[in-house]
Each structure stands twice: as C-alpha cells, then as structure tokens.
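Each remark here refers to the structure printed beneath this line.
As written, the chain order gives the labels A, B, C and D, with residue 1 at the start of each chain.
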Amino acid sequence: MPDTSTATRPSTKLLERTLSNLRTAWRDVAASARGAFGSSLRPDLPPEDADRLRQQFRDCMEAKGGEVSARARAAALGRTYLGLSPAGRRRFLEILATDFDTDQQAVDAAIEVLRAAKEPMARRAAERALRQVLLPPRRRLLTHFNALPEGVKFLVDLRAELIPMARDDGALASLEDDLRHLLGAWFDVDFLELHRITWQSPAALLEKLMAYEAVHEIRDWNDLKNRLDSDRRLFAFFHPRMKLEPLIFVEVALVNGMSGSIQELLDPQAPLGDPGAADTAIFYSISNAQKGLAGISFGNFLIKRVVDQLAAEFKGLKTFATLSPIPGFRPWLKERLKEEGDGLLLPTEKRAFAGFGDGTDVSMLMDADGWVDERAMAAVKPPLMRLCARYLVNERARGRRALDPVAHFHLSNGARIERLNWRADLSGKGLRQSSGMMVNYLYRLDRIEANHEAYTGEGKVAASSAMRGLIGG
Amino acid sequence: MPDTSTATRPSTKLLERTLSNLRTAWRDVAASARGAFGSSLRPDLPPEDADRLRQQFRDCMEAKGGEVSARARAAALGRTYLGLSPAGRRRFLEILATDFDTDQQAVDAAIEVLRAAKEPMARRAAERALRQVLLPPRRRLLTHFNALPEGVKFLVDLRAELIPMARDDGALASLEDDLRHLLGAWFDVDFLELHRITWQSPAALLEKLMAYEAVHEIRDWNDLKNRLDSDRRLFAFFHPRMKLEPLIFVEVALVNGMSGSIQELLDPQAPLGDPGAADTAIFYSISNAQKGLAGISFGNFLIKRVVDQLAAEFKGLKTFATLSPIPGFRPWLKERLKEEGDGLLLPTEKRAFAGFGDGTDVSMLMDADGWVDERAMAAVKPPLMRLCARYLVNERARGRRALDPVAHFHLSNGARIERLNWRADLSGKGLRQSSGMMVNYLYRLDRIEANHEAYTGEGKVAASSAMRGLIGG
Amino acid sequence: MPDTSTATRPSTKLLERTLSNLRTAWRDVAASARGAFGSSLRPDLPPEDADRLRQQFRDCMEAKGGEVSARARAAALGRTYLGLSPAGRRRFLEILATDFDTDQQAVDAAIEVLRAAKEPMARRAAERALRQVLLPPRRRLLTHFNALPEGVKFLVDLRAELIPMARDDGALASLEDDLRHLLGAWFDVDFLELHRITWQSPAALLEKLMAYEAVHEIRDWNDLKNRLDSDRRLFAFFHPRMKLEPLIFVEVALVNGMSGSIQELLDPQAPLGDPGAADTAIFYSISNAQKGLAGISFGNFLIKRVVDQLAAEFKGLKTFATLSPIPGFRPWLKERLKEEGDGLLLPTEKRAFAGFGDGTDVSMLMDADGWVDERAMAAVKPPLMRLCARYLVNERARGRRALDPVAHFHLSNGARIERLNWRADLSGKGLRQSSGMMVNYLYRLDRIEANHEAYTGEGKVAASSAMRGLIGG
Amino acid sequence: MPDTSTATRPSTKLLERTLSNLRTAWRDVAASARGAFGSSLRPDLPPEDADRLRQQFRDCMEAKGGEVSARARAAALGRTYLGLSPAGRRRFLEILATDFDTDQQAVDAAIEVLRAAKEPMARRAAERALRQVLLPPRRRLLTHFNALPEGVKFLVDLRAELIPMARDDGALASLEDDLRHLLGAWFDVDFLELHRITWQSPAALLEKLMAYEAVHEIRDWNDLKNRLDSDRRLFAFFHPRMKLEPLIFVEVALVNGMSGSIQELLDPQAPLGDPGAADTAIFYSISNAQKGLAGISFGNFLIKRVVDQLAAEFKGLKTFATLSPIPGFRPWLKERLKEEGDGLLLPTEKRAFAGFGDGTDVSMLMDADGWVDERAMAAVKPPLMRLCARYLVNERARGRRALDPVAHFHLSNGARIERLNWRADLSGKGLRQSSGMMVNYLYRLDRIEANHEAYTGEGKVAASSAMRGLIGG
C-alpha cells in the first residue's frame, strides 16, 4: 500500500491552508494596493476592476515614482494575479497581452526608416531601432515580477498556465513568446547548478521528487530512500533563485552489466551493490519537473554532466546507458494492426499463432493480459520484439526524427539504440505502453558527436547490430 | 495505515546491509591489524585473541610509534570492537577495565607521600600527584577512540552498551565512570548548538526524530510534517562532531490559551494557527535521544534557550507552559488502592459510586475502559482529579524530590504545577499511565530561580491555587 | 606611506604570472582546438587565421555535434580571444559583428510579410517572425561564452573592451547592443545579492574594493580596515556567478548629525562612534566596479536596500543622507568666468574683492591655492557658495536633467539637495573639482516617490530652503 | 618599508577603543552583578570587593537558582575578571585557587576509606570516591566560563596569563593544572579542524597570521599574499568554538628539489612555480599561535595531516621535508668556545685561519659580520658546518633528547636530519642564531614510526650519511 503522506493528505486541513494562503495573498494585495482595488476587487475580475488593473499596469510600466517603486508595484500585481480565479487570471493575461502589445504605428514607422536606409551604417541603426520597437512594453513588466519573493518560480508557473491558453489565442501566444525568451535567458544552462540529491537532502525537496517523477512512480518514502542508497545516484539541475525546486532530474543505478528489468532495479529487497565495483551506470529515469520550462531544454547537458561526474568518481565505470520506456510502441502497433492486419506477421510468426483461437487472431499481439500462458508468450515474443525494433529504428515522424519521443531525445543527444529487453517493465503502465519491453540507449563518449551529427544532419539512426538483426527477420 | 519506511523495512535488504557493514568493518580490521589478529580472530574473542588484544591495548597506550600512530591503532581497536559479538564486546571491555586500571602500588605510594606532606606547598604537590596516579591509563585509550570517523558517536554508543553491564560489575562501573567524565567534558552545554528542525531539514535527520520520539509516537511522515508546520516548532541540541544526531529535542505548539488535549494538538486536520497571533507556547514533548549521555543533562538549558528564542521571535507570547504526561500516577494509585481500599475516597465521592455494581467497588477507578458510560465517568472524575493532584504535588520519593519523574524534572527547572487536564490524552498509553489526564507545568521567567531554589533547597513544590484547591477538597 | 601591496607589486613576478596565464590559455586553446589553429595562430590574427576563426564561429553557431559540444567550442573561442593582442581582439569582434549579423534578405522578406498582414492574428505572427529574424545569430554565440569557468565575468569584461571601440563603428555598436541586452537580462536587479562587507570578508575581495573605489581613494589596508569598523558599513551588490566581484558598493558612516567634512569621516584617529546611538547614516561613497555593466544601473536599488537594512537594524536612525562630491562645478565656473567675467559677482561680493590685487580679479575664484590668506578666503566663500548652489539647483544639461552628474543621479532617485558644505573635501581632487565644497543629498523615505516624479516628469529639482536661500541673494 | 596596518596603528583611536571595550565590559558587569559589587568595585580588587567576589564564586558553585543561572553568573564573573587590573586579576585567581581548593578533611577521610578497603570491589569504589573528592570545586567554575560568548578563547587566554604566575605559586600551579586538564579534553586533536588558508580567507584571520608567525616574520600584506600564492600552501588547525583563531599553522612551499635558502623561498620576485610539477614539499615555518595551549601539542598531527593532504592532491610529490632554523647553535658554540678555545678546531681548520689576524683567533667563528671577506668565509665554513652537524646530531639535553629544541620536535615526530645548508638564512635573526645555517628534516612516511621509536626509546637520532660525514671529518 502506498505511503499516503502526500497523496491523500487530510482534506480539511488542506482546504484550511489553501484558504489561509489565499487570505494571506489577499491581505498583501489589500495592503499594497489600498485605494486602488479596495474591497470591490473580485476574484474573477469584473470590468471595473479590469480598468483599475489596466491603470496599474500603466503606472508600473511607466515607472511612476521610479524604478524601485515600479518593482514593488509589479510584485503587488503578481500577488493580485495569485488571488484571482482561473477566469480572472486569463482576463489578467489578456489585458497584459493586448493592451501592452507593440505599438503598431511605431513599428510601421521604423519599417519605413529601414526600407529607406541605404548605407550599411544607417541600415544597422534602423535595424536596432526596429528591434527595439518590436519589443512589446509588457516584457518589461514580466521582468519586474521577479521582485516577488519567489519571482522566478512565479514566472515559470505563469508560463505553465499560459501555454495551454496560448494554443488558440494569438495575443496570448505572443505573451507566451515573451516569457519564453525571458526564461530562456535566465535559465541559461551555465547558470544551473548540478546537485546530487541524497537521503541527507531536505525532506521538502525529496517530497517534490515524489510529485515530479514522471517515468517510474515513487510509491513512498521507503521507495525513495531505496533510490538514494549507496549504489544509486540522483542528480538534478537547480536554478540559484529556485532553491528547493529541481528543474530536471535523473536517477542512476550503479550495477554490473546492462540492466534489462526495471522491477529488479527498483526492488527494495535486492542486495545492496558495491558502487566501487560497478562497471555500468544505468540512467533509468529522467523527469522534467517544471512545465513552465517546456522548450527550454537542458536534458542533454544533464546527462553529459552526470556522465562526467560519475566517470570522475568511479574509475571502474565502462558503460553508460539508459533503461528507457518506449511510450509510443503500442499506439503505433494498434494503428498498424488496423491497417495491415496479419500482414504484419512473418510466415514463421503466423505459424506459431496456429495453436491459439482460430489461429489467425493477430490481435493477440495487443492482449498483454492473455500471456499468462507460457506458450502464448513464446508465440508473441518474436513478432513483438521484431516490430518494436522496427518501430524504434525505422519509424519516423515529421522531418526525419524518430517517431518515438524518448528515442528522439536520446538519438539527438548522440546515443545509440543498443538492446531491446523483453519483460523489462511489468507494471500496468509498462504493459500498456510497450507490452512490457524497454530499451537501452548507449552513450559512448567517443561516438556522441558523430552520432548526433549523423542523426540531426542526415536523419541516420545509430543502432547496434543486434537491433538491426531483430528487424532483419 | 502507517508509513512503513522505518518500522518494517524489508528484512532481506537490512540483513544484507548489516552483513555488508560487518564485512566492511572486518575488511578494515584486517587491513589495519594485519599480522596481529590475522584470520584467527573470532567475534566472541577466545582467550588467545584476548591476549593479542591486550598487547594491542598496551602498544596503543604506550604510544609505540608516536601519538599519531597511537590514534590510528585506537581507531583499529574501535573497529575490532564493532566486529565482535555481544559476549566478545563484554570481554573487550573487561580487559580494558581490569588490565588498564590504576596502578594500586603507585596509588598507595602517592597516598603515603600525601600523608607525610606537612607544608601547604608540599601537600598541594602531593594532591596533584595523587590525582594524576588515580587516573587509570585506560582513559587515554578511550580518548583515542575519537580518531574513528564517528568517534564521538562511537563513545556515546559504547557508554549506552556499558551502562547496563556496569550495574553489577565494579570494574566496568569504573570504566563507565571514566566514560562519563570524558563525555561530560566534551558535551559541555556551551559546545552544543541549538537548531530549529523544519521540513527543510535532511530526511536522514527527520527519520531519527521518528525513531527517538519517546513521549507521543510520531506515526508517519505525514504526522511529522504536521509537527513541523508553521504553527509548530521543533528544536534540538546538536554536538559539532555528531552532525545528524539530535541529543535532545523539544516540540512546541504556538497556540492561544493553554492546551488541555494532546490529541487536539496533534490532529492533522486541525486548522492551521497563525503563529504571529499566538499568546502561548506549549512544550508538548521532550525526548532524550542518546542513551549513552544518561546523567549528562541539558534538558533545562534546552527549555531556557528555546523560551528565549521564541520570546525574541514572537512578541505576542505571554505564556510558556508544557502539556506533560504523568507516567507514575496509575502505578501509584494501584499501590494506594491495594493498601487503603475505599479509604482513598471522600464520603461524597463514595456516594457517587453507589449507582454502580455493588456500590463499593473503588477498583472502578482503575478501569479506564469502563467509562464509556457517561455517568460512570462523572463518578470517577472527581476522585481521580483529586488523587492525581495529590500525587503530583504532595507525593515524594527519596529525599524530598517529587515522586513523579516528569514533575521532578520540571520542578527542578523552576516550573510550577499549573493545571490538571481531564481526558487530555486518550491514547492507550495515556489511559494506562494516568487515566487520560495530563498536566501543564508553567514557566514564568521571573519565578524560575525562586521556584528552583525553594524546590531544591527546601523541597517546596510550586503549585497553582487551582491545583491546591483540587487536593484540598 | 601607502601600502604597496597592490600598487607596485614587483613587476618581474607579475610578468611571470601573466606569461604563465597566457601559457595556460594557449595550452588550453591548443588542447581544445587542435588541428584547427595549430601552431600558426598569431596573437594579432592574420588573415589566414581569421578564416579559420570564421569557420569555428560557424561550426559553433550551427551546433555541430550538438548543444553540449557547441558550448565547449564557444569556451575554446573565448580562450582564443583572451590569447590575442588588442588588434587581434578587435579583429575577432569585427568578424563576429559583421559575419554573423542579421540576414538582411530574411529581414526584408519578413517585413514584406508583415506589411501584407491585415488580420490581427496574422499581424502578430508576422511581428513575432520579424522579431526573431532581427536577432543576429552572433547573440547565440555570445550566450555560449557563459560556458567559460568565469563566463559572466568574461562577457562583462568583453563589453568593457567593446564600448570604446563601438563609439565609431556601427557593426561593433550592434554587437555591443547585443551584449547589453544579454547582460541586462542576466543582471536583473532581483538576481543580485546584497552583502555587507566586513573585515571578516576575504582579502581577495577587500583588495578589489581598494582597486575599484572611485570617489575617495582607499590608501592602504589600514584605511580600509578603518572604513569597515563598527561605526561604518560597506555594502555591495554581487551576482551569483561572480562571487568575489562587487558590482557596485556604497560606504556608510553611522554618526550624529549630518557630516560636513569627508576628511573628518575618514580620519583613522577619530574616536570610534557607538553605532547604536547614531541618528544619521551618511552615504559617503558610491562606486561602480564593473565598466562592462555601464548603462545597466542598480545604484538606486542599492541605496534603497541599504536604507531599509540600516533602518531595520538601527532604530535610532532618523536621517539618511549623502556627503557627495560636485565633480562639475569648477569646469562650469571656469566657463562662466570666461563668458561673463566679473558679471558673475554681486556688488557686495565685488566690494569684498577690493582688498586684493587690483580689486577686480575675479579669477581669484578659481585660485584655490591662494586662500591660505584667511581674508581672501572670507572674500571668496560667499560667491563660491552662491554660485555652487546655483550650479547644483538651476543648471541643466540636455533635456531637463541637472548638469552635475552626481546631482542628476540622486535627484532621479528622489533625493533632495540639502546642504552645501564649505571646506568639506580638502584633498587635491576635492579642491580641483569643487573648490573643496561637498553637498548633502537627503533621502526622506516618504518623499522619494514624489521627488522622483517631480524631477523626471517636470524637471523640478527638490532643494532645501537653505539651498534656495544661498542662491537667492 | 613594512606595512604599518597592524604594527603602529594610531594610538588615539586604539586607546579610545580599549576604553570603549572596557566601558562595555564594565557596563555588562554592572548590569549582571548589580547590588553585589555596585559602584564600589575597583579594578585592583580591594579587600571588601574580594569578599563579595568570594560570595559570588560560592553562589555560582552551589548553582543557586539552578544550572542555567550558574552559567550566567560565571559569565558575569568572567567579565569582572576582564575589567580588573593585572594586580586585581592575580587576586581574583588566588581567591579561586585557595578558597575553592579541595577539601583536605574530605580527602583525608577518603584516603582512610581506601586504606581500609580490602575487597577489590570496595577498593575500586574507594578509588572512585577519592578521585572525586580530589577534584577541586573551582574546576566546575572554570568550566562554566565557557558560557561567555568567546568562552573557550577566554580560558585559553586565562591560562596564558596564569602560566607565568604559576611558576612560583603552588596554589596557582594547581589552578593552572586544572585548566590544562580542562583544555586538554576540549582540544582533543580529533575535534580540531584542518583548514587551508588562502588569499580568499577573511582579512581578520590573515591579520592574525602576521601577528602569530614566530619563525620568519611576515613583513606586510604583500609578503603574506606571496606566501599564499598558487605554489605555496598554508594550513592551520582550528577549534570549532574559536573560529578565526588559528591554533598552530604551517607554511609549505611546493618546489623542485630540497630548498636550501629561506630568502629564495620568500622572495616575492621569484618566478611562480607550477605546483602540479613540484616533486618536493618544504615545510618552512611552523608557529604555535596560542600561548594558553602550551603543553597541549598537536604539531605532529598537523604535519601528518598536511603531508597526507598534499600527497593526495599532488601525485608528483616525492619528498616531504622542512627547512628549519637551528635556534640553539650559536649559544652552544659560544659556550664551547669559552670552555675549549681553539681545541674546537681540527688541525686543517686551524691552518685555514692562519691568514687572518694573528692566525689563532677562533672567535672569528662567532663573528658573522666579518665574513664579507670571501676568504674568511671559506675559512670558517668547514668548522662551522662540522660543529653545527655535531650540535644537531650528537648534543643532548636532559634525558637523551636532542639539545636543539627544533631538532627534538622533528626527531620526536620521526623525521631524519637530512642536510645542513650554508648561507640559508641571512636575516639578522638567522645569523645570530646559527651563523646563517638552516637544516632540512626529512619526513619519509615509511620510516616515521621506526625513527620515532628509536629516538624516544633508545635516544637514537636518525641522520643522513651526509650529516654524519660532516661530523666525522
């Protein structure tokens, strides 16, 4: 039974807390914006409040009372935002996006100047001017939200809320674009700090790992402690202004030989390994923790730095590889089956199906539950392995990128598809995604650049001969 | 269902770990003591190994090869100790206690010099010399164990093991005495660091609180997190060389009015209080965490420093009080009942019993389970409250100290017995110890010294008039 | 006699060090760029090396081998830069500025799309596209220099070198503009950390204060220690990635009454004041430490935060004011004298001059050295005070900003011109700049916003009635 | 010219500060001891104050008002001590030493019990009791001084003051003995922290190195910075409660080949070495910084740990040696000359003297100034080298310890006398102590224990064959 500490925390107290936080937020708003909103402000931002808000934005952007005051006002606006209902928040963002957009007349004028510029010097000056006038004034305000005590986290979370809204709204899309540029500069990878997380780390941080882990759920504190034991490593990137918030983290097992089963890796009853004697580092989980940093990627840097750090600490490590899920295999297979039916199977494979049902039911490929029967499993294994290898190595999405998103990530980083593992993840999720198969991606330091070039340049996928053999049939 | 992270940790892995640690320990021993023990060393220390051990002690005490080597040898001896069976450890300690005791002839000689000394100057020199010769050589070795990586913790744990052995063995009692002196100097209260523990503290530390909490069990991580919330405080003393090991810790609730129910305090569904608005700090649990520091007390310093720190942080706090268990009440009551029978009851109390059973069964006082009946509860409450007040205020152990150990602790610190609370701890333990009653001890800063003096000097117990009224009946 | 530790450090060793650093730099370059430059690279970057460099830039921007490699290449390019001669560095920057400028055809095309866009949605998308295409590719490379161990400092220093070159070169001006944008985002004031600097601070940091102090030279370690004494404060802003590099710092004296003499403040023999009893905080020196952050100002934030921190620590402080130089007074006066001659003087002032020379020599106003004569000093004081007050309060530069740059800085921050002090700075520099006068700017927290608004909005200068009285005559 | 920052700090301000500190001290004393001393207390402690002091000691030792109060009272007594004149302080210590000495009657009684005890168990109990009663009550008070904010430093400095007084006073000697025991326990070497000190260390700490350096004076900040450069190391032991106070420190140069000249090592114009390429670590200065820790030695531990740390960091280091002064050579030589005259010289040596004066003046050996003449130097070098080697290797003090104290220190640590260096220290001090010669002691890790044993056991001095060759002549 899972630890209930974070999952089902008593609702009464939680509600109480939320209200208390809201009350705090509102109290702050009242204190800092007294006379502007007063008590008439409503969480869903009715029109009259919208006008007052508009004026506040304006004061803030014009830096009435100086830069220092402008920052303080922006912080008050940030607290206002936190106090609003979802509808109110969307309204807030729409005002920001539309009322404080670029000045179109100024843009048009700058364009005319540019078109008229003949001399290189004049052209350059005109470009600089145009670039300047194309920066919408709201960008300045976004920056000022940094004055909030947790300003960076505020903006990251703001973007997380904004991304879905921006999908169908051009103005919000522009605002989201502003935010991505801003966060892109602030989250430059060389500002990030790589920290190892251990059982000595703050509980408040460990709790977040449990919430953010996206690949193999951390069931409880005991499971987590096990993943932080002496033969395991967990590394995360942090931003200096978001101390207890991991940005992305990776879990590593120090083992002998390339792991082929996630349940074995996570078994809390497994004997403790001696990390000093390990020859292989298995990256078995990589999770992005901040939705608001989507598109600002540092996963490849994380892997590179962790590899460097482990290689420096453990001289015996020879192999760096992942044990990765194959999230798109079964959806793809379903589609294939619909289109091709038993044309998917090789003659030998078909023969093996003969003993079951009417002997033609290829849908058995999709029926993971039916494999309690060992013979059935023996029948489905060859075609599933073959098709999964084909899916990973040959199937492509738009452009020439690999269809499987995890495969695309590791191939872009310069890894090679190394080995497909049967019955590697027997959790419900593993069976649903990939019929229980997982794959190892191999990171060979001396091949990373070449693999990356071949993949991004020519769309060439690096795969072991064993993988190619599986497909080859 | 409780979090099982510390309680029922899978035994297979635990065993594996213990063995692995032992193996490490043995490997170290072998490495550092090669040629002395060799492979013939046995965990239960057979006679031939005892002789080798004796020789090693001797080399170490004579600082063969210099002080630096002596420390290294002591550390190796410490690792040997850790590798022994309980019987082997006792043997190890006996050798240390008896073979490296004071030199009796030297003591006798020094005594003769002292007895002959007439001049003050000579007398002083003789005293210094006698003092020196009375220090057994084993003390030097005990000190050297500090060279172990966790040397201080090693000695604290060594004493924890030694205390029960020393009860019936004069030689081991002397060794224990040496250790108490040494730890007494090292754990001088002004070397200790007071730290607040929060949810940001290392999980490895928080885990220990759960193990060490001795008053109100911490059920799981959720319960612990609740005790670290914004209207709670947890402070502990630490030694600079035992970083993640609390020595003693106290849990405090910031509330309004003096608390009268521990279940209310610990209820995770209770609304979150505003600590800034609190007028009362309730110390609801104080736990010693290190058995090996028994008799080296800092509990009173802890309370004093925490009161100072809270008073500085929260200007609104007017009252500092405990909500304390009364561990000795029911054992005492049982004894009284056996001796006095219904003579314990007042006439009015007896009459209230008339409606139950044969109307004379005073044993109903002991039968906490029977009180589901409201009328029965109404009947037992007055005599139980009266007798408990009497127990706390008037009953004495040897000397003039209060019979109840918790009462003695707080009275020695200068607190006053303030209020008795009915149905204050309805846990099994609370009902068993004190029929569910708890007591508040009040710390008034301006009365602490006078109360302490009156109690330790004249045995006078400070109690509120309400408490005295309860007895007076 | 001044401490010579930083000033005249023996040149032999310094040279040795520089060469050693260069050698290190070169060795690194060689290691990371082997085969590209080889040994033919010359510090002044001859044409053939320029071509190779161009290719390296290109590889880096196209992220050949992946993002991780691109960063590593940028770092290598950064080290190459450090190894070049001044001429070579300029060449390096010119290549970056011109070869990796915006793609003009792409810009023109995006402009056409924008001009054709009618719908708001299309217009917005076109603006975003144009904005994107206006960002020159070299920006990406500038960011990548952050991968250098001291990457942020590298870019700050790069800009310090670039600013003078950019004055007469459009391409370099655009590059400088890129850098200003980048550093502007990175040095957002809310990323900066305010630290108090004390005698407990690292010597390596204190040494830099001596080098960077721009207002009142720190003569030696003793002078510095005196400025860090218990009745003094020194605060600086730091960036998290430039640990031992102050960005800007302010020196404060905690005194009684508004100081009117800098020599008194800096006198190491002055009695030590009791900071707890002080009623006035005098900001007597503010120095920008990084030339490469010109135009990215945080001076006003620094003053505000220091005022807040001091006010919180010392409840007795009532007055926050500066004791500031008047750097432009004498140059202005000289100009005035040239144009107006003795028309500058009032009749009463003229009469006081009668006793000297031929009684008409107003140039005596400029002759600070001549005032050894007390009578002469009595004659020049009234006109100098009057004219200086007029200079500070009434004289304006372009727009409506105060002519004196220090006055402009404090007036923009919302301060008031409070008091002019005669014989306040008798150092050579003080006499040369402002005939030995200094001025107090007063920061009244409740007036800062209004003063700022009046000054930036209407050009209205806040001045005490005493100051106006001085002019009024 | 030397930096004057610490040496000749302006006296006015210093006096002011001392008075201010005193005033603070007195104010505290008055606040905490009001009504006891009142204003009649005099810095030289007249008899009536002595009586009050005696009473205060008594209250404190009896823990009137509880342990917490006792600590606070001890701290007040400590501040009283700081406020007294030297005569007052001695009086204070005498009271403590004599009035709170052991209870002689109790000691005598405990002795009688011990003498009567026949059974081992009874004997042990009697010894424990006697040991207890031999501990003078003042020890408890000494411990309590630890409650002062800088309590440990207070006690160290107290002992520094006490040591000279204790030489001729039995009571104070006993007090000093108490203090040595207490500090001996607190300064157990495994509590000490080894830190490297660099130019990034606090100026307040670096300043102390300049004050404490006892071997080769640090002339100014520049000289110090040079000793902290990248080819130098400086390590110190610290106690966790004395943060900015080094206990003992060692200065190391990373060089190639064994250094033979201290002036070369300290030359700020010498080229900077590459520490990674060094094959030799030269320990050229070891200074004890705390007089109050005399007799509690950790010099050998310091050398051992620094050697370990350097060996781990720099794999190329093959040789660990000192470059040490020979402080006792010239005093010894003078004595020899007085007794033996020219019998000290070998015939060949005598002949070489023939060319000077009357050719018999062996006193030329003592006349360092006369050697400007190269021929004279050639004449004195052989006998001086020979005699110095003899002095180091063969001359003994009481017991069998080497006569030269520095030689004794390193020989006890297991070093070997390796090489005598001519014209190695040409400073005034070097010429005065040892005619400019210095010696290398070699630490070979695999010989340390054996050398130590041979020296401390049999008095056998380890010396290189070169050294023995010099003597042999």
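Everything below uses one rule, namely that contacts are C-beta pairs under 8 Å (C-beta built on N, C-alpha and C of every residue); 3 or more make two chains touch, one makes a residue touch a chain.
Remember, predicted model here, so these are calculated numbers, not experimental data.
Common partners of chain C and chain D, by the touch rule above, are absent. Compared with chain B, the chain whose C-alpha mean position is the greatest distance off is C. Centroid to centroid, with C-alpha atoms defining each point, chain B and chain C lie 60 Å apart. Centroids of chain A and chain B (each the mean of its C-alpha atoms) stand 49 Å apart. The centroid of the Cα atoms in chain B and the matching centroid in chain D are 41 Å apart. Applying the touch definition to every pair of chains gives A-B, A-C, B-D, C-D.
Within the complex formed with chain A, the chain B residues making contact are 1, 3-5, 9-10, 12-13, 16-17, 20, 198-206, 220-222, 225-226, 244, 268-272, 274.
Contact residues of chain A toward chain C in the complex are 64-69, 71, 101-102, 104, 107, 111, 114-115, 120-121, 123-125, 127-128, 130-131, 134-135, 143, 146-147, 151, 170-171, 173-174, 177, 182, 185-186, 188-191, 240-241, 300-301, 304, 412-414, 448-450, 452-453, 456.
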